[in-house]
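Chains: A, B, C and D, in written order; residue numbering restarts at 1 for each.
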């Protein structure tokens, strides 16, 4: 049985280590926060200007001056610090964030990422995605293995405009987990329960090694 | 040298003109200069280039200036919340320059700091890098981005004193400090004007040197995504 | 992930090596990491490149590392207070690279912010510009300066919490925040370690992400120029 | 009678205007603070990281964490803010300081300034001087008209290594006041009491117009 959104988030959470500073994107990546182990100390960054992001507020705690990069109301923690967006992206660009978990439209076998623009559709903008993939030490993509129409999203080369080149280190899909290493390409390292390699091959265009 | 003005209209008096470049602080609707945006609309200044991370929503924030078609060009990182923006853009009435969010923030910081250009890895190998100077540092490729300054920056802070020292609150700080520093003229609206000497001098986010005029405003502080959790029942 | 260490020696354990680059915060003797400088001397690490605005005085601050000849090269803006420095420099034992103070501050800020190069007007037409790339922006000439990072940054703050969040006091802030951000490893010494949650989150100067180890130190805080005025008699 | 140090400082203080942000160098420029008129509101910057510098402290107010760029103990005012040296020089480089008053060894007729280095002598460093002359909107030099040995300090071209090119807007010496304008050179606009133009000519190498 392929993984669902929560399974994928849980798997992504395993990439977090004690002491990590982590930026979580919008959508499934946001769910990763629910699966951070009690045994590790992780600090979440919100790129609008906050380190130490807490959970959503209770109804009577909502504060319009306290939102995350997805513009959702959130809360602060005892460790929280606030800073400007320039200071926030200095942190990101300077390589101080250990891990970012992002969604994607396409990932190529050398780690190119496309997740901000579909030509011909209204372009909303890249927000902080290009900064994150360029600056964060390790980038984990969480996405469905194929598009709704069944088209592969793991490709030889991305067809959509890129967010960054050779920036993705790991892809977690509903079918399995792939690592991407510079010059070594993509490797399947885990398969979701009851999913066959044939099934994965059938919905993957990218070339990959298998090491499960 | 009095910096405190009675209202937003008075604070923008003499500072607006057609074709000017305006920086507008805020992230989404958080920390935007609500009163000054309305006064900028009422000034009637046209053909504005507006530098702002976002473009407001249809009926609030910079959306007000889109309704009146006072904006010629936006320099932003994300404009997804605004239907009128989409309409004007797709019909060719509005120019749009996308900047990665961190690049935009740094361009404002650089402009205020007298740095006309800097190198970044962000956007290398993407459409953002097209036409920009590329340079290698330690075997890695970077692109040059330029500093930005504005004719007028409108920012929102939590507190000000009469010298223009500003303190921001939580994530409403966002782009406001850099934009304050990058304005040839900067006007700040605040929730409270506090007595001189009542701020902790170690905790002033924007020193008064960057702020020429101040007003106390009224703030709706609209929330875009009200996300809450349920209390566990006792 | 415990960041608090019992003393300066323990805090530098495993972090020092011959030939390393160290950033040392402070302006003159104000806001220097007194305890960590002593521990760096005691580590015996040699051939250090030290990036610091000043070089201490003969028997205090970085002067301690000059006495033991552990420094191979200084990158500084002003070194006028130190006779041993002068002796070693004139005898060719010590290399020296002068940076204008603002250029030095910005190079540290850039290094921490992932900016490998930036343009500035400072130094154009002087010896500082020799050999550096020149570029025109809007008809004015600028030179390119590069970002700096260190193997180890030692900084002094007023207060820290267990997460490494730092608050500096008055002009003892100076170079400390940028150097904290530009260290591959940063160790901070503070006057007080305060409970988590007791700092105003709007008023944290250096977020804990930049600080890997913390100690509470004892500080002499020597004054270089004690200038006072007389009270008018009553 | 030529001006003394206090006269020169008093004359420099006349260049300050209401609302100005001003950086004063070490030596005679420091004295300028004593002559700021009560009718104008001026804020002094100290480039190590402070806006709103107050006077020297009383003996029991001395604080080692509170010094100016000359490493002298000082005090704060109700308007004071502190910031990092990076933020301080962002302010300077970005052109936000209205006026700087500095000492000099040599000034050329086109406004070149030399005030940081004498070859062959131990070099102490330029500190913030190069940043100030490059970034501040208006630079006023206060210095003795000639060296102790009587050699002119207002020259056709500086002989010492420069702090900046074409950066000086005004020179106040013990003999008079000169303005320097880009492309128009140097103009004598004021003469100290009982000083003759011949006297000034005799100790000046630079070419200058006279408009007193």
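Some notes on this structure:
Quick note on the criterion: contacts are C-beta pairs under 8 Å (C-beta built on N, C-alpha and C of every residue); 3 or more make two chains touch, one makes a residue touch a chain.
The model shown is predicted, which means the values in this text are computed figures rather than measured ones.
Traced through touching neighbours, the fewest hops from subunit A to subunit D number 2.
If you average the Cα atoms of subunit A and of subunit C, the two centres end up 36 Å apart. Note: centroid distance subunit A to subunit B, computed from Cα atoms, is 28 Å.
The geometric centre of subunit B is 33 Å away from that of subunit C, both derived from CA atoms.
Among the residues of subunit A, those in touch with two or more other chains are 76, 82-83, 89-90, 92-93, 135. Along subunit B, residues 106, 109, 113-115, 120-121, 168-170, 173, 201-202, 205 each make contact with two or more other chains. Across the assembly, chains come into contact as A-B, A-C, B-C, B-D, C-D.
Those residues of subunit C whose C-beta lies close enough to touch subunit A in the complex are 1, 109, 111-115, 161, 163, 165, 181, 196-197, 199, 201-202, 204, 207-210. Across the complex, subunit A meets subunit B through its residues 46-50, 55-59, 61-68, 70-74, 76, 82-86, 88-90, 92-93, 112, 122-131, 134-135, 161-166. Listed in rising order, the residues of subunit A touching subunit C in the complex are 18-19, 21, 41, 43, 45, 51-52, 76, 78-83, 89-97, 135. Of all the residues in subunit B, the ones that touch subunit C in their complex are 106, 110, 113-121, 135, 137-138, 140, 142, 146, 167-170, 173, 200-203, 205. Subunit B meets subunit A in the complex at residues 27-31, 53, 76-81, 86, 89-90, 98, 100-103, 105-106, 108-109, 120-128, 158, 168-178, 205, 221-231.
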